[in-house]
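Report on the following structure.
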Amino acid sequence: MPALSEVIAALEALWPPAQAEEWDAVGTVCGDPDAPVGRVLFAVDPVREVADEALRLGADLLVTHHPLYLRGTTSVAATTFKGRVVHSLIRGSVALHVAHTNADRADPGVSDALAGALGLRVTGPLVPDPSDPAGRRGLGRLCELDEPETLAEFTERAAAGLPATAQGIRVAGDPGRTVRTVAVCGGSGDSLFEDVRRAGADAYLTADLRHHPASEAREHALHSGAGPALLDAAHWATEWPWTEQAAAQLDEVSDRHGWGLRTHVSRTVTDPWTARAASSEPATDTPGAPN
Amino acid sequence: MPALSEVIAALEALWPPAQAEEWDAVGTVCGDPDAPVGRVLFAVDPVREVADEALRLGADLLVTHHPLYLRGTTSVAATTFKGRVVHSLIRGSVALHVAHTNADRADPGVSDALAGALGLRVTGPLVPDPSDPAGRRGLGRLCELDEPETLAEFTERAAAGLPATAQGIRVAGDPGRTVRTVAVCGGSGDSLFEDVRRAGADAYLTADLRHHPASEAREHALHSGAGPALLDAAHWATEWPWTEQAAAQLDEVSDRHGWGLRTHVSRTVTDPWTARAASSEPATDTPGAPN
Amino acid sequence: MPALSEVIAALEALWPPAQAEEWDAVGTVCGDPDAPVGRVLFAVDPVREVADEALRLGADLLVTHHPLYLRGTTSVAATTFKGRVVHSLIRGSVALHVAHTNADRADPGVSDALAGALGLRVTGPLVPDPSDPAGRRGLGRLCELDEPETLAEFTERAAAGLPATAQGIRVAGDPGRTVRTVAVCGGSGDSLFEDVRRAGADAYLTADLRHHPASEAREHALHSGAGPALLDAAHWATEWPWTEQAAAQLDEVSDRHGWGLRTHVSRTVTDPWTARAASSEPATDTPGAPN
Amino acid sequence: MPALSEVIAALEALWPPAQAEEWDAVGTVCGDPDAPVGRVLFAVDPVREVADEALRLGADLLVTHHPLYLRGTTSVAATTFKGRVVHSLIRGSVALHVAHTNADRADPGVSDALAGALGLRVTGPLVPDPSDPAGRRGLGRLCELDEPETLAEFTERAAAGLPATAQGIRVAGDPGRTVRTVAVCGGSGDSLFEDVRRAGADAYLTADLRHHPASEAREHALHSGAGPALLDAAHWATEWPWTEQAAAQLDEVSDRHGWGLRTHVSRTVTDPWTARAASSEPATDTPGAPN
Amino acid sequence: MPALSEVIAALEALWPPAQAEEWDAVGTVCGDPDAPVGRVLFAVDPVREVADEALRLGADLLVTHHPLYLRGTTSVAATTFKGRVVHSLIRGSVALHVAHTNADRADPGVSDALAGALGLRVTGPLVPDPSDPAGRRGLGRLCELDEPETLAEFTERAAAGLPATAQGIRVAGDPGRTVRTVAVCGGSGDSLFEDVRRAGADAYLTADLRHHPASEAREHALHSGAGPALLDAAHWATEWPWTEQAAAQLDEVSDRHGWGLRTHVSRTVTDPWTARAASSEPATDTPGAPN
Amino acid sequence: MPALSEVIAALEALWPPAQAEEWDAVGTVCGDPDAPVGRVLFAVDPVREVADEALRLGADLLVTHHPLYLRGTTSVAATTFKGRVVHSLIRGSVALHVAHTNADRADPGVSDALAGALGLRVTGPLVPDPSDPAGRRGLGRLCELDEPETLAEFTERAAAGLPATAQGIRVAGDPGRTVRTVAVCGGSGDSLFEDVRRAGADAYLTADLRHHPASEAREHALHSGAGPALLDAAHWATEWPWTEQAAAQLDEVSDRHGWGLRTHVSRTVTDPWTARAASSEPATDTPGAPN
């Protein structure tokens, strides 16, 4: 069995930490570099339920997309849920490793997996990494549909391709609009609106869009007569496809080295939203309801 | 007919600009202080559709909750949708006035209107303003239900009380959990989680919650065995009730002064999300879908 | 008639906005990009009197050197004189466009026009723009006199060449000193003393010099036995020659495109100083007067 | 003869260093605290000519209003004019002491002396120092004229009262306007416009006013129908009256202690501007001159 | 046996975290709040050797003066010595708690223990905490000797009272000088020179003094004819006495609650310096040696 | 005799000011550029005793390694010891020139002299200056011993080679460890630990090491099984060898120009520590001493 340090070297070759954003906190959160690794679990969020799953599985290493401590801490005491996760993992000899914005920008990266889940053909990154001469690394992905669809049809495609969540997918735009080119960005994508506009995409699928950026994007599109339809899915759902992709990448490395690793993908839904209520049908005369 | 400057003095008495956050941009955006005012429209967002509604109505003043220029600008040219709104309003002799975080913190404020729309009894502000000896001003509101309900029942109450939107309401928490006390905050409320926990509310209704703060709040609650259920509605829907409340407040002022103002409340839905697709029913064996 | 957007594209080719200082606020302040433009007025300051002149003339576009809003604003309400200018211009369908430090650094630029008004031969920029291989763009200009003059003679030349103002020209230096090379900088030039010294100019003509920088420059010159004489004119007077130059540049563009524009140069003196009183002749024994 | 440390203690009682602005650099610049002091020279600027005057006089102490090093230095080498002043003074055993913004804010202060030179009756500070219960300390002074004058008459009064300089006094405002109340501020006063407006003064006399603040003040006044006429004198001229006042204050201290100090006031004009040329009479048809 | 949370509540009553400096990182670094505590080890530094000592002893809690992570970390992986300490402690079920600048400022605090080790009578804090009406809390301590000693005698007292280290004690000052009052500060004390001078102490005992502050303090003393002699001991040696004091304080709490805790004080010397070589006797003529 | 400006030009050729750190304050502190220079004294610290030595010697120029004013000052009054030094030097016509971090980084530099004093062969800089194609300039030096020694032997070498001080040399590491390669850095070297580790040096000799960096370096070495032994000498002692080297460099320049300068090296020990007391032998049973 390889040592943790060997497996981590392999993960860092796939998603080089130097390609993470400066504010990010990627790399190994806990674990002993000399410990042997036989079993690895991949997940989106390093939460209690996922740590328990790793312990139940007998995993030696948990790889997550989201950092446990995005900002530095001076305490891992088990008085908080994060410290409790650290104590559980260290006592159970499970290492934790994070590949976050370095996985977003990698080739293949988080948005490649998202495009794959929807059956889209990737044509390149939405924000290319200037340090990549091949032009494949970067944030988000631009994609093409083999056959144009209406926005309503594309929305159905997205609802079918992504793992199920309570929220479903919110849409802004004319349902009959034709969609040929799509920008996708796994996770929170509201900082990339300008790039999406510049790329001329017909639709933009991402997560965690708030009122002000979404409203400004819609007004901008109405003003200019151009601009993408918007699709907002659960943050977790847009990043989950990456865990399957990542596990497959590590399997390949393991085969190449004869490590015999057993990899697992967590199917625990860590989207915090567990239910949804539709609005009441707007009545004709209700005082207090604007219809 | 009163002059714009007189009407604005009345609005600033209701929602004193000095009570706005330091980063906010409240007050009169355009308009001539000497122009007469006969008709006033209230709305949440100063978007094109709302400006056109004001022009169609023949309004002399448009009062919105959201600023047009939250950050300063050096150009109002009609090359952007914001500049287009400015040109339309100035040419149509419609003034624009903004009451944003000063309306949030006022007594009554935006969250009082939200509580009223749900039929909740307000017991005080969630974050009291230390400068108010009466203890009524501040951010958010704490409320009580006359009879305890389950979270599922409370969710139905919220869905019925708020204006209809495509997104509906997202919920996190055990549907059978008892709800007696509720914290509400019109608009984006993710900076108030600590206050909600300290207040011991059973549920927290607000808008624009993103994955990381919602996930951390849920994990914190699971770790500590305490903490609120979460309800996330459309940002616009949580603030719309304020426009009715505000119009009624100005009506009362108008009556007192014999101004004869005609006030209107915009029923245009300016939530950017116009449709929603539910997730596919999770199949048993779908490769690529986790469950 | 060309659209405003076409005329502005021409102005931005003459004075590219990207060459403005980072702190500056150049470009179109108000106006509709699709409006037709037939008449253009050039001026130094976007003040009320100049806006009224544009309206009287029936101009469609006012081009000024000074920004209306150098720092960002969140309000153009007519409660301030700047908002009043915006309302007048928008209601009168006059666009406002600013070329400030981009015009200063252009080739030809503001200081070329200043040198031209004095009949000086320009030899190059005072602070060359490193991005210009031709070495012609930059701040200020170095000039040569065809025949050396005394400082007293050069002062007369400046007083005759610049438009008349109440302040006239203040001078520091020995009136009999020989002047062969001159540095000029339209507008406030006290940040360029070091460059003037390095260039070895015999005299420096600029505006808005205050006591401390002027005194330090004079002491530095006395200490080192070298250093320029100083001439301080009205800020407006040093920049007015640019309006004639700019109008001629736009005329040429108009001719090339067959636009048939009518250009005007405002002769309104917007220097704020409208009078001057000389000091009393120093009496021999006045207590309280240091002579 | 008192020691330097004793004389400085007396000066710091008159103009407490703690009342200087935080960015200022007041206090003793050079000198030996144990050296005896018999003769003291007061001046506005610590320039070479003034240092030489102190040496010629046999002064032991030079007191100036302006700092020699406003920003810190790590070198007093005689390679610069400031280092040359330090070397001359130390070799000649002349101490240098600075009272700058602490003298501005004192009671009596720099602006009291300025008001006195014009024969104005001071009614209080323009910007009162909140730490002075008597309400007499602060920046600038508000004054009253015993009999109203026209602006033209007041200008003549200022030209007669201040020491003669080449620049004279620049004026902005209607010459026939009545002046009853006047704000004065010795030195650069462009940061106090808001206070002058709030005080409702009819005229404001100060120095070093530049185009943009003066133009904005004039436009503001035209817009609002209220606001002061402006008078701009030489910086040095507005502060020189303080040197006489300060010398008299030290004389009084000297008498009280029986120190027998001999005080002198420098009559060297250290205004950098040594000449002025009036604008040419505007000719009717001059190309290139706007009139 | 009490739970960790109860013992920590007792420690935080002795050294309230709110009294720590803002930049400090005090409190519990690792451990489970519900774990029982029977045995506690006190030490200065949370280094590997001390963690091993805690494991050997079977301690449940290690209390140190120095933080493990003074600046925040996003990783406790055992790839660094700090992460190794965290892994050892969590696996061995030893909690780690830090009382740093809150212990420095407490009553009694670190400098009280230092004074006690030297047999000095404390008269008050060197830098009193303004929030303590009793005037006993604060940084450093001022002390008196019952009988005056020479600096040489006082140095011997310090060498005898502090735990032995390779460095011994460095001294600056005249050995024959009389010492009556002493300032002491456990740990690095070079930020308190100004306070020591103001207090008029004859000697100042602290640690980690570097060339520039020590040299400036000595020159200041020579210039002014006043100022303390300096004694510089090993940082660890000046803080070790606190561990005995702290253990005794917890013993008393344990007795009061009937907790039956067993407390230990680590005698491991964690001063990094393990040896010292004296300078060669200066020879008379050695080239390259200055004496 | 050359003028001061000529001698300083020669010093600045040896140690170019542009190579100093940005925060540093090098160059001429006082002196007249036209004064003749016949005699030059070199020393580490510009303290009173050294200034007096320069005056006694009749030196015209004092060159020190440490700045007098590292941070800027607005006063050189003789109320502080630094101002007293300035007054003494200016009155005695002694210039003061500082070569600090520019001398550290020069070729040869301060650490070359330190290596020379210990008989070490320099192989290159510890932190190479990227602007030096020859790879010889930079901070610190890496050295080799001709024959490996034990750490104990190397410590004796250092004690013999450096000028004598009260503190001697503190050592951290196994005395029997073999030393082949050594990193040296004159002055405070605690910012270079990372570079020393990267270079793989067996020992690191520098000054002013404090508890926390030294302890972290030791723990890092124990954790990784690699890392240098540490030797901490008096700051002054590590920089004094440079004064001899610098004097020799100026002698050579003087010979080349036929200047006939007389150079001196100060042998005044300006290390502030004048005595040391060893710790008491740890007794077996002393309460309060941890042995």
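Per-chain numbering from 1; labels A, B, C, D, E and F assigned in written order.
The criterion applied here is as follows: a residue touches a chain if its C-beta (ideal position, glycine included) is under 8 Å from a C-beta of that chain, and two chains touch if they have at least 3 such contacts.
Please read all numbers here as calculations on a predicted model, not as lab measurements.
Between the contact lists of chain B and chain C, the overlap is empty. Think of each touching pair as a link: the shortest run of links from chain C to chain F has 2 of them.
Residues touching across the chain A-chain B interface largely coincide between the two copies, over half of the numbers being common to both. Averaged C-alpha coordinates put the centre of chain C at 30 Å from the centre of chain D.
Remark: chain C and chain E have CA centroids separated by 65 Å (rounded to whole angstrom).
Centres computed as Cα averages put chain B at a distance of 54 Å from chain D.
Centroids of chain D and chain F (each the mean of its C-alpha atoms) stand 48 Å apart.
Touching two or more other chains at once is no residue of chain E.
Interchain contacts close the chains into one ring where each touches exactly two others, per the touch definition above. Think of the chains as beads on a loop: from chain C toward chain D, the beads read C, D, F, E, A, B. Of all residues in chain D, those touching chain F in their complex are 5, 25, 27-33, 67-79, 83, 86-87, 90-91, 95.
Interface residues of chain A facing chain B in the complex, by the touch rule stated above, are 45, 47-48, 66, 80-81, 84, 117, 152, 155-156, 158-173, 175, 187-188, 207-208, 210-212, 214-215, 217-220, 222-223, 230, 232, 234-237, 240-241, 244, 265-282, 288-291.
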